[in-house]
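My questions will all concern the structure given below.
Chain lettering (A, B, C and D) follows the sequence in which the chains are written, and residue indices restart at 1 in each chain.
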Amino acid sequence: MSGAGKRLTRDLMAARVAAEFGDGWIVNLGVGIPTRCSDFVPEDRTVVFHAENGVIGYGRNATIEEATPYVVNGGAQPVLLTPLASIVHHADAFAIIRRGLLDAAVLGAYEGAVNGDFANWRISGRKGGGIGGAMDLATGAKRVFLLLEHTTRDGRPRLLERCSLPLTASGVVTLIMTDLGLFEPTGDSFRLREIAPGFTVDEVQRLTVAPLVPAPDLREVTV
Amino acid sequence: MRSKVVSSFAEAVSGIEDGSSILVAGFGEPGTPHNLIGALYEQGARDLTLIANGAGGPRGDGVTTTGDLVAAKRVRRVLLAFTASTHPSRQTELERLHEAGGIEAQITPQGTLAERIRAGGAGIPAFYTPAGVGTEVAEGKEQRTFGGRSYLLEEAITAGYALLRCWKADTFGNLVFRRAQRNFNPIMATAADCTIVEAEEVVEAGALDPDVIHTPGIFVERVVSIPQAGGRLRVLPLMPASASARSS
Amino acid sequence: MSGAGKRLTRDLMAARVAAEFGDGWIVNLGVGIPTRCSDFVPEDRTVVFHAENGVIGYGRNATIEEATPYVVNGGAQPVLLTPLASIVHHADAFAIIRRGLLDAAVLGAYEGAVNGDFANWRISGRKGGGIGGAMDLATGAKRVFLLLEHTTRDGRPRLLERCSLPLTASGVVTLIMTDLGLFEPTGDSFRLREIAPGFTVDEVQRLTVAPLVPAPDLREVTV
Amino acid sequence: MRSKVVSSFAEAVSGIEDGSSILVAGFGEPGTPHNLIGALYEQGARDLTLIANGAGGPRGDGVTTTGDLVAAKRVRRVLLAFTASTHPSRQTELERLHEAGGIEAQITPQGTLAERIRAGGAGIPAFYTPAGVGTEVAEGKEQRTFGGRSYLLEEAITAGYALLRCWKADTFGNLVFRRAQRNFNPIMATAADCTIVEAEEVVEAGALDPDVIHTPGIFVERVVSIPQAGGRLRVLPLMPASASARSS
């Protein structure tokens, strides 16, 4: 499909998003690729990770040896606690979200649009879905970052003019990380801030169903 | 005062009638009352309404899940934050039954679910929340503006039973949860007429520091000790395919 | 004012109310005379006392030697904890009340009426008042017991046909203990169940501004 | 990350502007931030709105109360569950000022006050509650029926500041309360833009078991150690004239 480019790994995508976190930020990581972000916090920063189950102040993912039946993240996967940790119940965990204490929520998604809409809970043709905490997070967090693969398994673009799937929330997305680059929805286009090494803007544009505007300081994705 | 401690999981779930509504705690593995779910499966009650975060598929390792109850067609209705697998390529029995019309499945944002249960346990009949405004979830719900922002009216949830798992319980039903075990457990305890708890350890009343108790015993009807009832104590959560896990 | 009768002491009133508590009951005691009830629970029963500040399972009042800065009842007075004790925060303490878990609330009052109304938060001619937890308790508890002196300091009756002061709640009172006896509001009268030793029904009726109907098994107040 | 620990009560209350709204925790003596109230008294901010259970009268024993702030006419408005003394024969300065029109005093049922603060801290703009239906408290409020029962609509409370007292705090602001100290403290911590805490002991982050922390540090902006700042550690509650107390 592309020339010299190699799509970014999931770890690299997670690491690039983690580099956006500011010191002291409170951040929620969604199911899927986002939960990897807690493995890649830059060493000069303290980030307080918050999970829907009420675990506050967790850190990196646990190894098999470190895993216990007691400490899991929002993806229900074992993690370690940091010295800042505390625990609340589920209703209080979402109270924190609605109160606006989260500096960022990093969510997986099926689609993201130039107007900041996104869809991540029901795929086409299905009756049920998985809303999880995404709607609460999307309306409560100060920033909503999406972390997803740029195209579906069969090659259809996920970055769109308008979402086709049922929305999770409207106009909230501030940043989108895919395996092709880092994008900002600006209302009528995506600003391409960083691009995966070896890809051209034209190549990425062909895989995006909305105008792509390269940032003046466009550079390769680095962590 | 009558003791709340019962000696078997079967006794703990006895009397749960056909048609009951049941709150089932847990988020992933921690805090999930697998032994009570297994006993409910054996007990035979049908036509159930289950209220939980999700209904996991059968695990195939001898641990009974709410997904097994669904697959056995014992459940008439579910109210969940996940009615489908988080992996869209894997379809659960719940999804197949739902699409075939064999079960009523209502989906709700997780924070709204948690707050509705908390409200039910707090005597608050309804409240407003921002989650879901402008989405399919808002359909049919009253929308109202406070301070220039839109909110949805959501009503309280209560149920006949709650199935819980805790770390330590005392004989009065005071409960302590360990780490992520807490999740839905304390709020579900408050919203059920009959709260039933499997405990990793049961101690005498007075042995737990009142300051560290997460659920007061006044919310709890029945307690069963997992080791004394011969239950399964440890169920490990799923490992991620993440960097640090791989590196070990 | 009366003949051979001697009004009941506050401790006797509290003890008589405490004798109404069933084994395993959850009971809230209001500011004033009611908080004395936790000193008089019959030995064959376990009563779980609940306070507005989130202290659940407290017991008798503390002596000066036993008092700590940490454990107080709903009257902010030092008490001891029982082995059943647990603590919640203020919002959860009232969640318990609204949820309907209290078998009884024992409240002080300025006035009680035959229709089950009562008034206990603002006295005549004042602008402010003290609602405290009384309105929540009055609507949430399964039974509302009033514990008050039968007349004001200047001799005016407190048991009335209708309350004259702003109401705390309507139609909720199930039992009234005064220093002259034990009364049940029945809608159009007070049923006099027990009478203070030495008093006649006529004497009590003269101090009550509503019809008094002696119970068939009327007896002297005993504890 | 910047440390949350400050070294004096004066520093802890610095920046509280004239016209601020302040949540003040405590129920009776336990959990009342007497040292911070004293520092606020010295600091001089005026035209304040105080939200608390009550405003005690001056104690006359060197301990400053919110009643002292009221008496010094530093308070424009109070929202309380008790605007008068529980002993009607004793009139407080608040009552005198209120009757003379020198202060705006709003009274609310205590459970409604607590739930409004909890709602403010939970991003819930409004909820329904049964307390006060059919009373003066219901005047001007929306009344609505759920399940055949009447409820009042009540709106959330948030404030610029909260003054708290706890037993142990860590340097990240995680808080543990002892016994009846808890009362309004955890919910007020969640409802203020700036939560300020006086702690009987300050420990390093990581020294407190995450399961026993009542208030996560993410809600706390400033912590001051009472002993290190030279504050008053023990304030005993009032003794009752009850049987057991007399018998000692």
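Basically, contacts are C-beta pairs under 8 Å (C-beta built on N, C-alpha and C of every residue); 3 or more make two chains touch, one makes a residue touch a chain.
Bear in mind the structure is a predicted one, so any value in this text is a computation, not a measurement.
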item	value
Where chain A and chain D overlap in contact partners, by chain label	B
Pair joined by more contacting C-beta pairs (B-C or C-D)	C-D
Furthest chain, CA centroid comparison against chain A	C
Chain B-chain C separation of Cα centroids, rounded to whole Å	39
Chain centre separation (chain A, chain B; CA means) in Å	27
Chain A and chain C: spacing of chain centres that average the CA atoms, whole Å	57
Chain D, residues touching no fewer than two other chains	115, 122-124, 129-130, 177-179, 182, 210-211
Chain A: positions in contact with at least two other chains	81, 87-88, 91, 94-95, 97-98, 140
Every chain pair in contact, whichever chains are involved	A-B, A-D, B-C, B-D, C-D
Interface residues, chain C side, partner chain D - complex	11, 31-32, 35-36, 39-40, 51-55, 60-72, 75-78, 81, 87-91, 93-95, 97-98, 121-123, 126-136, 139-140, 166-170
Of all residues in chain C, those that touch chain B in their complex	23-24, 26, 46, 48, 50, 56-57, 81-88, 91-92, 94-101, 140
Chain C partner contacts - residues on chain D that touch it in the complex	27-30, 54, 81-86, 88, 94-95, 98-99, 105, 107-112, 114-115, 117-118, 129-137, 177-187, 214, 234-240, 242-245, 247-248
Sites on chain B touched by chain D in the complex	115, 119, 122-130, 146-147, 149, 151, 155, 176-179, 182, 210-212
In the complex with chain C, residue positions of chain B that touch it	1-2, 121-124, 172, 174, 190, 204-206, 210-211, 213, 215-219
